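Read from first to last, the chains carry the letters A, B, C and D; within each, the first residue is number 1.
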Amino acid sequence: MPTHPVAEITSHSTWSFIEDKFSPYAKDLLTKLVDFVQNEVVPAEKLFHAQIPDDARRWQTTPAIVLDLNKRAKALGLWNLFLSKAHYPDVGVPLTNLEYAVMAEVMGRTGHLASLATNCAAPDTGNMEVLARYGTEAQKKEWLAPLMNAEIRSAFSMTEKGVASSDATNIQTSIRKEGNEIVINGHKWWISGAGDPRCKLHLVMGKSDPNNPSKYAQQSIVIVPANTPGVRVIRPMKVMGYDDAPEGHCEVIYENVRVPERNLIAGWGRGFEVIQGRLGPGRIHHCMRSIGLAQRALDIMLERVTDPNRKTFGKHLYQHGTVVANIAKSRAEIEGARLLVLSAAHQIDKVKAKGALKEIGIAKFVVPSMALQVVDRAMQAFGAEGISQDTPLAYWWAGLRTLRYADGPDEVHIQQIGERELKRAPSLRAASEKAKKKETALFEKYGVKARL
Amino acid sequence: MPTHPVAEITSHSTWSFIEDKFSPYAKDLLTKLVDFVQNEVVPAEKLFHAQIPDDARRWQTTPAIVLDLNKRAKALGLWNLFLSKAHYPDVGVPLTNLEYAVMAEVMGRTGHLASLATNCAAPDTGNMEVLARYGTEAQKKEWLAPLMNAEIRSAFSMTEKGVASSDATNIQTSIRKEGNEIVINGHKWWISGAGDPRCKLHLVMGKSDPNNPSKYAQQSIVIVPANTPGVRVIRPMKVMGYDDAPEGHCEVIYENVRVPERNLIAGWGRGFEVIQGRLGPGRIHHCMRSIGLAQRALDIMLERVTDPNRKTFGKHLYQHGTVVANIAKSRAEIEGARLLVLSAAHQIDKVKAKGALKEIGIAKFVVPSMALQVVDRAMQAFGAEGISQDTPLAYWWAGLRTLRYADGPDEVHIQQIGERELKRAPSLRAASEKAKKKETALFEKYGVKARL
Amino acid sequence: MPTHPVAEITSHSTWSFIEDKFSPYAKDLLTKLVDFVQNEVVPAEKLFHAQIPDDARRWQTTPAIVLDLNKRAKALGLWNLFLSKAHYPDVGVPLTNLEYAVMAEVMGRTGHLASLATNCAAPDTGNMEVLARYGTEAQKKEWLAPLMNAEIRSAFSMTEKGVASSDATNIQTSIRKEGNEIVINGHKWWISGAGDPRCKLHLVMGKSDPNNPSKYAQQSIVIVPANTPGVRVIRPMKVMGYDDAPEGHCEVIYENVRVPERNLIAGWGRGFEVIQGRLGPGRIHHCMRSIGLAQRALDIMLERVTDPNRKTFGKHLYQHGTVVANIAKSRAEIEGARLLVLSAAHQIDKVKAKGALKEIGIAKFVVPSMALQVVDRAMQAFGAEGISQDTPLAYWWAGLRTLRYADGPDEVHIQQIGERELKRAPSLRAASEKAKKKETALFEKYGVKARL
Amino acid sequence: MPTHPVAEITSHSTWSFIEDKFSPYAKDLLTKLVDFVQNEVVPAEKLFHAQIPDDARRWQTTPAIVLDLNKRAKALGLWNLFLSKAHYPDVGVPLTNLEYAVMAEVMGRTGHLASLATNCAAPDTGNMEVLARYGTEAQKKEWLAPLMNAEIRSAFSMTEKGVASSDATNIQTSIRKEGNEIVINGHKWWISGAGDPRCKLHLVMGKSDPNNPSKYAQQSIVIVPANTPGVRVIRPMKVMGYDDAPEGHCEVIYENVRVPERNLIAGWGRGFEVIQGRLGPGRIHHCMRSIGLAQRALDIMLERVTDPNRKTFGKHLYQHGTVVANIAKSRAEIEGARLLVLSAAHQIDKVKAKGALKEIGIAKFVVPSMALQVVDRAMQAFGAEGISQDTPLAYWWAGLRTLRYADGPDEVHIQQIGERELKRAPSLRAASEKAKKKETALFEKYGVKARL
């Protein structure tokens, strides 16, 4: 049976489970994407890192290979795939969430690079969605168009120092109107992309109406050109020992930053609404990329343990029962997690993100831990090399670890899923009471006394 | 959005993920089944146990409620659903493996009773399949017909004492021809159903040609009427104190048991082939029933922790963060496992069990451990009551625990999946070498030296 | 180096770690106990079970072997070892908690039987301690003396149906004075020993002063002769499928039970105080017995996996890497848990149970889960036999599982340990502030600016 | 009860469990060490990092604070504590392994800095032990004396690229005699300390007699001055992005490196013997330092979760049940692991490292995983800050992760412990057979038939 090439790199059975939900267009695109990632992006991974200098210039660099991969991807039609035609008829690509989720896994195999190559990398993706949905024509022309051409990049500025920002109502940054201008003061960190020399705008979230009785109407979002006076990028936050230059996850201070009022997104007080739309599908994409990484780590582990040159205590690594068991468990965990995320993606397609909150939440707390475990097992199979710069595993692990905090820590999602599940209790209790009555009737009918 | 009633008792998103693979017939049947299980079987659970006496008569009993449920199920068309029309055109039901898998989960919510009620209970199911596929017309008339009417029951006699029977080539029981008769000598145990007063036949597996150079052609299977002289049911094996009367899992000695040669199944030396066919889908059904149990245990746990009468240290149980976390994790684990099994079932539909061995194997080792954990958490929420006869949880746990041995211990399946996965290594290595060459070319093209 | 025989059955290094804390008397006693358990109790285990009938007579039986083992143990001076001379100078044995803890592990290797044999079995142990500490001379003569001779047995009646009894202030049973009599009304369950034909008294806890402003002064404890009118033993609670006859863990109703006022223990309103004293060391003994069981399960597993007759897929069980890993992990987990409990026992010796609540609590939630895991791995090594009546493993597992509820569920102990640990926070914060000031001074002194 | 200050930072009950094994000298030293670490080293931690430049000069630096802490430690007598007087009567400190183990935990609280401050840091410690035990007078004068004064530092050069170096017989580096000189050729990596500008010597392990029939007599160890021609430090290996400058874990090539024959350690062919002596106690020290880190991480977590400024979803972090449970589990795991290591240290004191291989091996695989888990929970409590440069947690995690490979991966130790445990099987089988005979006799004596 000839199979789609994606089945070769993910899972035959999963592919055949979902294949009928793919349009011919999506299948064709996926074929191209698999080929592009395997044959053009994977071979470019090391070069990408080598083109980023080791010294301070690393923050002024755009690796040439990225620009060339951009050209190739555009030529192949592998461009802006994240932007769904269903939501953005003018500029979007006709892919469902399910279809794009599978593409996200394929891209995720290379960590970040394939997403960069195809202009499908966060935080630009979410920012383009915001601009496409809420932007004025002028905003679209000035910012969305060059973003969609990967001529510039952007940052999304929400998380604040010393604030439990997973609860967006805690945000402290001040956004206020002064004449025709908007004045912004705040202290943010973990602002991904703010270090990039090509980053030309920040979407900044803050409180414009802190006394509004509705906690969800206090926030606004403003476009801040990166070179506006008062925008100070303080330092990159490091993830373990990695700084992720040139993008970085930066600490940024906005001090009396002034922009024209036309830079407001959507309208005063609509900040919360705007970010809500960003979250659901974005989490699914994160999850699928993580699954791509986990699958790739398992693949690398398979290569390592079958390396004919490696023997310890007279056995090849793959002859150790615990190694084989780790491989089997990793495979099973990847399969289960992938199906969870795909089913969540499909649920979004059916009933929108709001109807799929449980599925998204489950994926959000299951996948990072799973992927961390799979990558950790692969690291262990490599010995000390696995934690060094000579394999990508340690870097992947560090990146995945941040996902147990990002967009809310695991604990928050677990708590929310638990509470959501508890809402089923009343109907279960009602059904039990009904069954209990029938049970009593049955005992009477059969003249039997209940067993103690 | 009106949903199918199955979505109420399993998972909305899973149902919507697979709904398009269900025929109208299957959907209709499933609706009826959900209603039957919830409204007729669940209320009968305690009565079923109460109708089995506490003393030695428990081995001579058929609870009246079972016979009545049989009548109802037959009237509703909820009968012999396991027997697929695709494989058994004469007698089968037009359900795919995927469709039946969902039905198995629904039945599994009651442990064994719904399967009994609908004549879908092991070991009869596998035996009917064998008779339907390999039986002669005479065999079918004598044994298959009454089994399909639930007039009699049967046992499958394979596992042997002191033998690692998960590897069927280890079987020691002797089956030899003597004139027109077949003579059987062997010592079996864990023979489910052999204790039942309605058990009228054993399918006995043994070695008829122990010197055959092919390990897989040494075995034959024979129909042994339960009342044949020399068939001695020694004792029930207990599962954590439970004897599962009246069926039991019995130790059975076959001492010079003689049956006519026409009782041979399929032909001499075809025993291994016959059992192979039994295993794949059967494992999936076991898995789905286990998931049904896990889901029900979670439902019961939800009722318990929201019981308004229970407070410890000033809090309701559901207000404890660890309780809520356990609920969330249970839900996530059930969802992931269910999708794994359904995708395996679908794979069987697409490429037969032989093409789905990896998926079946993964399901086989993932599901029982998952279900045990979920049930254990539910037990813990009940305090000591959870381990007693006052909830079904402890009994379920014990039954599920056997599935970590049955049809091969977890370790065997994990090892096999690991080895199967290792077979991907050569093609991965080839792809890596190809990528490595491209990588080298890229470094040259861009005039960059590899980073140390 | 000649070692003490206990080192052969537990752990050389642990023994040498604690040996200097053992008196010559205790060493001598321990030597005798190891010999007695290994050579007289272990060989009697199966006989003990065989002497308990399978039918209703199982509740009227005292296995003859128990009486004979009692005689032997008494003759050897292995009698009432739990009763510490330090607390009960008249009747006690000069052993520290640490010394007795090691003895409890040795006894625990046989589950319950060695404790029975040496008159060190719960619930009699706690009851004898109560009577020795709080009993009047008349109470001691009537009840303590025959208990200490193992002529009679007893029950401790605290846990109530539908009540979170791990919080003793929730108890509902009514105990009130009426003239010279005490009248008791209540509904208890899980009353261990109440099924035994030799059980002659219940210590019943209830509320005598439910409106007392102190929650801890509302309870009283009363001696109720088992044959008092109104004492109704309803049924044994089962643990998984085991009823633990003849002792049982029974549901008991006290209906207008009347006893003379002289049967009051310690005084009105002192019930809470009395049970407090029972708990700490008793938990440590439970833990050590569980460790004995875990160690024995590991020993049995070692025998099984080296059984020369067992091969699967061409390998002995002990040649499978995952089996070896399970053995190593089990050993490590047993060692760590044992040291935790011994250090808690020693802490009790040093600062009494009240000063060792953290150590006791940690032992209480760590040990049962550890032991369950070790026993479960052993079960798995046996295949289906491991869950049956042919090894003691399943029975042990069931018994150990109850310890995750008994005397408060794991969750309660985990919560309490966590809260206790949180009390360290203020002093840690103070120390950090102090260090911070020194840090600032150092930066100034060296003229260095803090790294961002 | 006044307690020793160590009890305040580790565990009261552990301290009281081992206190009687401490000499007055050791108690006094420990008091001083606790004070020094808490009041002088902890406040210096950030300064230490700030004194290491961010650019290439980081490899030419010795932070001034280290030199000043050295002076203080020397003045306090907190110097070279690792060197036991029992083994090195001339230069050693009168501490047992158990006593030093506790000191190692105290030092470990600061990661590496307190060890550096007191001249107790690897790899110098092991190298000094080697020189003290096997060095000639000349070697001692030239190298040991300045090492013991912390005037110079050293590297131990064993691990090789592409070689499973945990099995030292796999070493490939060539060491051969040529006239009065020794010529060394080899490719090493993960050579800790080789990057340090103060590193003046490498102890290099290689094969001098590769054809010797004994695998354990092929190796020799040679002192190589760091500035010898042909010694090329290629690059630092990174640990999750950290380079550990100025020490580093370097890749080093030895190309026709020539040293005089007097630089041979101990004698030709004694290399394996020499390293064996380094391993046992060294592993225990690593473990204790890791426990110190874990304990400190828990302390930091306690401070964080009680930070009055942090609330999520209306609750302080310490009010979340799962946070409290994580704290309790961390505490329990630290306690159990610490006792395991201390009991191993004591076993070394009693029967030397060779007699304590099981205990050392258990500690080696239990502690790093435990510490990683505790640190990971602490990271999680900090949100993204926990993985950044603003807490030491991520750096600690990375360092601890290497311990699951260093000195042999977990898998090797687990396998060895399992195999060692399996050696108990024959005596267990013999005991069981003996018990079986007694059992049979008992059944006969009592006239009872065994229960099926």
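Here, a contact is a pair of C-beta atoms (placed from the backbone, for glycine too) under 8 Å apart; a residue touches a chain by one contact, two chains touch by 3 or more.
Here the structure is a predicted model, which means the values were calculated and not measured.
Chemist: Could you tell me which of B-D, A-D or C-D has an interface matching A-C, in the sense that over half of the contact pairs are shared by residue number?
Modeler: So the equivalent interface, with over half the same contact pairs, is B-D.
Chemist: From the C-alpha centres, identify the chain that is farthest from subunit A.
Modeler: Relative to subunit A, the chain whose C-alpha centre sits farthest away is C.
Chemist: Suppose each chain is reduced to the average of its Cα coordinates; what separation in Å results between subunit B and subunit C?
Modeler: 38
Chemist: What whole-Å value do you get for the distance between subunit B and subunit D if each is reduced to the mean of its CA atoms?
Modeler: Those two chain centres are 50 Å apart.
Chemist: With chain centres taken as the means of their Cα atoms, state the distance from subunit A to subunit B in Å.
Modeler: Chain centroid spacing, subunit A to subunit B, equals 38 Å.
Chemist: Two-or-more-chain contact residues of subunit C, please, as numbers and ranges.
Modeler: Expected reply: 320-325, 389, 411, 414-415, 452.
Chemist: Would you pull the subunit C residues touching subunit D in the complex into a rising list?
Modeler: My answer: residues 1, 8, 12-14, 16-17, 20-21, 38-40, 42-47, 49-51, 54, 64-65, 298-299, 302-303, 305-306, 318, 321, 323-329, 331-332, 335-337, 339-340, 342-344, 346-347, 350-351, 356, 358-359, 362, 365-366, 389, 411, 413-419, 421-422, 424-429, 431-432, 435-436, 438-439, 441-443, 446, 448-452.
Chemist: Contact residues on subunit B for subunit C in the complex?
Modeler: The contact residues of subunit B facing subunit C are 55-56, 159, 162, 164, 166-167, 190, 237-243, 309-313, 320, 322-323, 379-380, 383-384, 386-390, 394-395, 397-398, 401-402, 404-406, 409-412, 414-415.
Chemist: Quick check: in the complex, which residue numbers of subunit A touch subunit C?
Modeler: The touching residues are 234-235, 251, 320-325, 452.
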